[in-house]
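In what follows, structures are represented as structure tokens.
Next come two complexes, and both contain chain A; in the first it sits with chain B, in the second with chain C.
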Partner chain A sequence: MSSRVEVRKSLDGAEQKPSRQARAGASASPRFSWRTKQRIKGASFTWPFVIGFAVFTLLPVVVGLGQSLFSSKTSGLGFGAATVSFAGFDNFARGLVDPVFWDSMLRVSIYAVVIVPVIQLISLTLALLIDAVKRRVANRFRLILLIPYMIPGIVAIMIWLYLYSPVVGPLRPFFGLFGVHTDFFSGSMIWVSIGNLAVWGSIGFNMLILFGALQAVPREIFDAARVDGASEFRIAMSIKVPYVRGSLVLTGLLSIIGTLQIFNEPTLFRSISPESITKDFTPSMVIYNQAFQVGNLNYAAALSIILAAVVGAASVIIYRLTNKVES
Partner chain B sequence: MSTKIIKRKALSISAAVAALGLLAGCGSATAPAPAADAGPVTIDVWGWDAESTQHVVDAFNASHDKIKVNYVLQASNTATQTNFRNVMESKKDIPCFMPGIAPITTTLVNGWAQDITQYVEPIKDAYSTGAQAAAQVDGKFFGFPAGPSATFMMANKAVYDKFGLAVPKTWEDFVTVGKELKTHGVTVINLAGEDPSTLLQMSQQAGASWFAIDGDKWKVNLQDDATMKAVDIIQQLVDNDLVAHQTYKDRPALYSYFDSGQLATVPLAWWSMTGYQTNFKASLGQWQAVDVPQFKDAKQFVSSGVADPGFVPVGCEHPAAAVEYVNWASTSKDAIEAGKNQKTGSVGVPTNLADVSAYTANVVPDKIFGSQPAAEVGAVIAKAQNAAVGKFERGPDYDAWFPEMQDQWGKAMAKQITLKQAMTNVQAFIAKDLDSKGIKYEVSK
Partner chain C sequence: MTLTSSPSKALDTKKDTRKIELKALRLRKRQLRSMDNDDPSELSGKRGRSSWIVLVGLVLFALYSVGPAWWLLISATKSKEDLYTTDAMWFADFKLFDNLASLFTYQDGIFGTWLWNSLLYAFASSIGHTVVSMAAGYGLAMYAFRGKGTTMGFIIGSFLIPGALLTIPSYLLFVQIGMYDTIWAMIIPAFFSPFAVYLAKIYAEGAVPSELLEAARIDGAGEYRIFFQISSRLMTTAGATIFLLHFVGSWNGFFGPLVYLRGADKWPVMLGLYSWLQRGTDSTVDLTGLVITGSLVATIPMVILMIAMQRYWRSGVAMGSLK
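Take a look at the complex of A and B:
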């Protein structure tokens, strides 16, 4: 009997004294209590994540921190091995006043101010619409809207490069039908083109989170509101949206974090509009260029940490602000 | 031309060609081969060619007792570079021959390439002077001679005939003809906004020297008279709206435009002819291979093109064996047999050899040039190859300044700045970068 009975009793929440056999069993393995073992078992499910997180996130951060404290220099013609020396916080000091890096940060921040609300608004609207239709219809649309999110970023960009193409793409003639003659690759349209791609790629995920939150809203509240004569729009604005505010903060934060680190889209669009999208267009592009073109890994590591700090600070500020509003 | 794409293709093709042994049938077969290291040795040779190199290696192993080559096939050009950086960091399993992945100076600055002068010197005459120059730094061979895929032109003869114009033979005439073509809605050349390679190549052709070693320091000059000749021509083309700016990232659009009759001339290298034939429809048969235009005051015919030579990495203990293998793969008749494409039986142009005339006609596709005989097209290619400058020193920080040049070129193509200003900006960037790296230099006036 022993352990199975013990488990059942514990699950039942009984605060009975353990049986003699159980006590004997416990004394046989005195190192861990049953509860501790259960906790370890439960925690073991997280090990794959923890190991992955440690190896692919924590370890690179530690290595990056280490790299950022050194600098390497050659001499003469530059041939032969470089001399690596401890530089303290020199790389950080340089990064904090580097106009190229901070210009890119400002550029992306402005872009984020525009694009994140757009993404949020469209995602919320779609989630509300899907929440308002029958479940079978909702499931179909949910899947369709999620497809862009499932497509790898680079593939998505290649698809859109084709769609935008002024010669072979279908969008230009389509807009031409309505008298709109535009070149999606022109300097003036490049932000719109990138932004449209960002919206297309991220609304599916955001919509899913918001839709999940909407599903958790007690339905009887809607019935009560309808009895009181509230319209569906009023229900959406006064009941549903306030209920999913927490999820909106989450998706907003994720969008901000992703936008500040934008890399794939401008890197590929750079070929299309190089006069607008330079090699230092976004903070991530500055870092990439320093690491893999200029070859200054130490400085690139310092910039990466500065970028992480900025993204972290932005997240904290926005989280606090939204919490204040909520309270 | 898209530099990155061209560079990558040129790299892969020239490296493959060099290593594949598609280079036989020349006097070099009798050139004295370097002695292999004493005793039987096994060397690793890396590459990303999955078709022919293994056959060449097998043929080499079958005919040599003292050297055994192990071909390590990499997934791609990019994977080769990544894996190579890793083994150089770990100092384990370092290969004895690497196909070219960067200009030889960059390879040397990165601390990768061995001095193989003593092994290459006895066999160098088998290779063109351009190929030899591309493999040298300060008079020493740090790479194996590698020839560029030289530039020639493809002119849409139907367009020129329609408007009663002759294909220009000089760059100065190129501008004049461009102005005439513009009146008919035709552009004379495509200059992609992301790709400054035309400027590099024209500067090379004009005799520019952007980087040179002077004792223990670099001399940097991106504004010399030769460069300014190229800058002036391009600036005229841009200012007068004589050029198209089709990007190489949008290939279908690019081919469609080239094929439309709106573009009169395309600079190209031998390996890209087949791609154009495959993607052209309306203009097939209308094109004619012609010489690349010269500057009016040119004393002799020269063509442009750069090569990134293969090298023997630092840490390889058998450099003599590595050079013996590569030389055999580049010059032996057995190697050419083994390196033929297994499906088509075709061979490429061995760009590093002193004379490629025997090979060029075979690579000409059958439809794109219409009535122009393959032999005639082949002669144009051979003339370009044999007149290729080969060497164009790109300095110790090419990887750093090339993206800056792309930025500045893009702005110049968009008429935000002049090309002369762009060159000033790039030179200032180079100075700053060299300062940050501790490399000695002097900006020439």
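Take a look at the complex of A and C:
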């Protein structure tokens, strides 16, 4: 019971609660024991955050839920005041069968299902390689491999855009050497091009997490395995990989959540190759387009909620599946 | 060996003693390193071939990682014409300074404004972000009070809220409260990050002993004074990590500025570069050279910062992933 009361308090009473308690703390009346005062002061450390969190995270969620239930129509050519009317779940009903939105969702889901395991596999390979060399060598390589992580995401996308480009990019002549002639911006290659960019940008960081997990494996186990005649490859597969499974799940989950909301990469690719990337290429792009090009914020809010639900469901399913495998 | 063979004629000056000290230090380091290599498990001869395979694999990955960055570095030094005609992976005529000059003078030096905006947003938001998160994390770690459990619940729960859910409603909210298209939209909302609070709490639990707090109380220090004069100093590492991670995140931000800012004079550098990329492809002006040089200018501070402060963000990564 008390927890529900507190939930409500931090939901809609966040502004009132601190001011009331702050007044009590400031007055320092003898009615409060020093213990209570200390508690109030302790709690007051969190108030700036609690207020800001309520205003900039919880309030938007509530606003979004509210907006999605209305629809606004402008009369004529967009001039004059818009008439806002309660629409119930109309926006959701429309969003749930919107072929443009679900096409984009399918596109991104297939991409995520392929690219996330690929990234995991490469990152794991990299972490195992780094773990297999001497510490001094490892430290040097680790820094080099983390360079992509240090380069801002937008700059990374631009670099690869130019590398892929038929005009300034060296990649096409490079592949030409092997007799492979390909257009990196064509409809069939575009996801491969974006996928390579994702691999390049994230393997260093994922490697760091997995390498950290590998470092926690007690070294005596390896010695014991070597005495028993296990090869280094066997040790990697049968001891190291099972040890880092938890980290693999974590990085995989983060990748999936990020990939389903992908926006920056296709948006920048679109400015180079608008014919293979439509304005509704990914769910986030559909939402952006609905909100700021079409101007239907209510519908965009509803689509945001649907996207959030899909992302949440995907996280839960992956979590469940991986837990089942582990047990 | 290096020690004895160094010239002994001018040992009296301070400079030379310092030099010799440095040499000795270097020698000692080298010894330590070679001891490090004598790890018995690494010495067995039959691992020779597999360790070559490992090394080749690592070199290939390293080339893959560095190649694009190298291309950016090379291309930023080329003139517009050389960009299209010369070998993409090697230097041509060195024109970096000409490129920089045209970068900072194009459109009355708007690139400088963007850089300044990025710096301002990154610094201002990171300072507030760090102070708010440290205080909240400390409060949650060190005190028992009503609503603590609920607050923690909300913090953990909010990790699951995808960014896409918040963008449109935040835009509406910012329009309502007059923050849309102002610098405050880039600064104030960034103060409140559940993840940073979580990091600070985890760190405070390990770094600030409650006995110390009791001792300070007995000496008559108030709770706020204890935080600002004692605990915050014990939490410096966490503070630096939180500051750095957010500084980099703010510098690299794209979607937020795209949605919340309209006027080009308020854009951060990433959004500015995007606008040039977009314009360069659909009009007659060729902005490719400017985008490339601008990208390099926007990247180098980040790379230097990240390398210099490796210790901090790596600890942040470890804290975030293991707990």
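Here is the rule we use: the second predicted complex is superposed on the first by the 262 of 327 C-alpha atoms of A that agree within 3 Å, B and C clash if a C-alpha of one lies under 4 Å from a C-alpha of the other, contacts with A are read in each partner's own complex, and residues count from 1 in each chain.
Here is the rule we go by: a residue touches a chain if its C-beta (ideal position, glycine included) is under 8 Å from a C-beta of that chain, and two chains touch if they have at least 3 such contacts.
Nothing here was measured: the structure is a model prediction, and the numbers come from that model.
Student: Name the contact category of A:278: first (chain B only), second (chain C only), both, or neither.
Tutor: first
Student: Once chain A of both complexes is superposed, is A:93 in touch with chain B (first), chain C (second), both, or neither?
Tutor: neither
Student: Based on the superposed arrangement, let me know which partner A:160 touches: chain B (first), chain C (second), both, or neither?
Tutor: It touches chain C, and chain B stays clear.
Student: Regarding the shared-chain residue A:63, is it in contact with chain B (first), chain C (second), both, or neither?
Tutor: Second partner only.
Student: Thinking of the overlay built on chain A, is A:168 touched by chain B (first), by chain C (second), by both, or by neither?
Tutor: both
Student: Please work out whether A:126 is in contact with chain B alone, chain C alone, both, or neither, and reply first, second, both or neither.
Tutor: second
Student: Counting only touches as set out at the top, which of chain B and chain C does A:185 meet: first, second, both, neither?
Tutor: In the superposed model, A:185 contacts chain B only, not chain C.
Student: Quick one: chain B or chain C, who's touching more of chain A?
Tutor: C
Student: Check the residue A:293 against both partner chains and state whether it touches chain B (first), chain C (second), both, or neither.
Tutor: First partner only.
Student: Just to be sure I read the superposition right, which of the two partners does A:222 touch: chain B = first, chain C = second, or both, or neither?
Tutor: In the superposed model, A:222 contacts chain C only, not chain B.
Student: From the superposed pair, tell me which chain A residues show up as contacts to chain B and also as contacts to chain C.
Tutor: Looking at chain A, the two contact sets intersect at 161-162, 167-169, 268, 271-272, 292.
Student: State the interface residues of chain C toward chain A in the complex, per the touch definition above.
Tutor: These residues of chain C touch chain A: 33, 36-37, 39, 41-42, 47, 50-51, 54-55, 57-58, 61-62, 64-66, 68-69, 71-72, 75, 83-84, 87-89, 132-133, 135-136, 138-140, 142-151, 154, 158, 160-173, 188-189, 191-192, 194, 197, 217, 222-224, 227, 251-252, 254-255, 259, 270, 273-274, 277-278, 281-282, 288, 291-292, 295, 298-299, 302-303, 306-307, 310, 314, 317-318, 321-322.
Student: Give the list of chain B residues in touch with chain A in this complex.
Tutor: Its residues touching chain A are 108-109, 111, 137, 192-194, 213, 216-218, 247-250, 252-253, 256-257, 396-397, 399-400, 402-404, 406-407, 409-411, 413-414, 416, 433-434, 436-440.
Student: Write out the stretch or stretches of chain A touching chain B in their complex.
Tutor: 73-81, 161-162, 165-169, 185, 187, 268, 270-275, 278-279, 289, 292-296
Student: Which chain A residues qualify as touching chain C in the complex?
Tutor: Of all residues in chain A, those touching chain C are 3, 6-7, 9-10, 17, 38-46, 48-50, 52-53, 55-61, 63-64, 67, 125-126, 129-130, 132-137, 141, 143-156, 158-163, 167-170, 200, 203-205, 208-209, 212-213, 219, 222-223, 226, 232-233, 247, 250-251, 257, 260-261, 263-264, 268, 271-272, 283-284, 287-288, 291-292, 297, 300-301, 304-305, 307-308, 311-312, 315.
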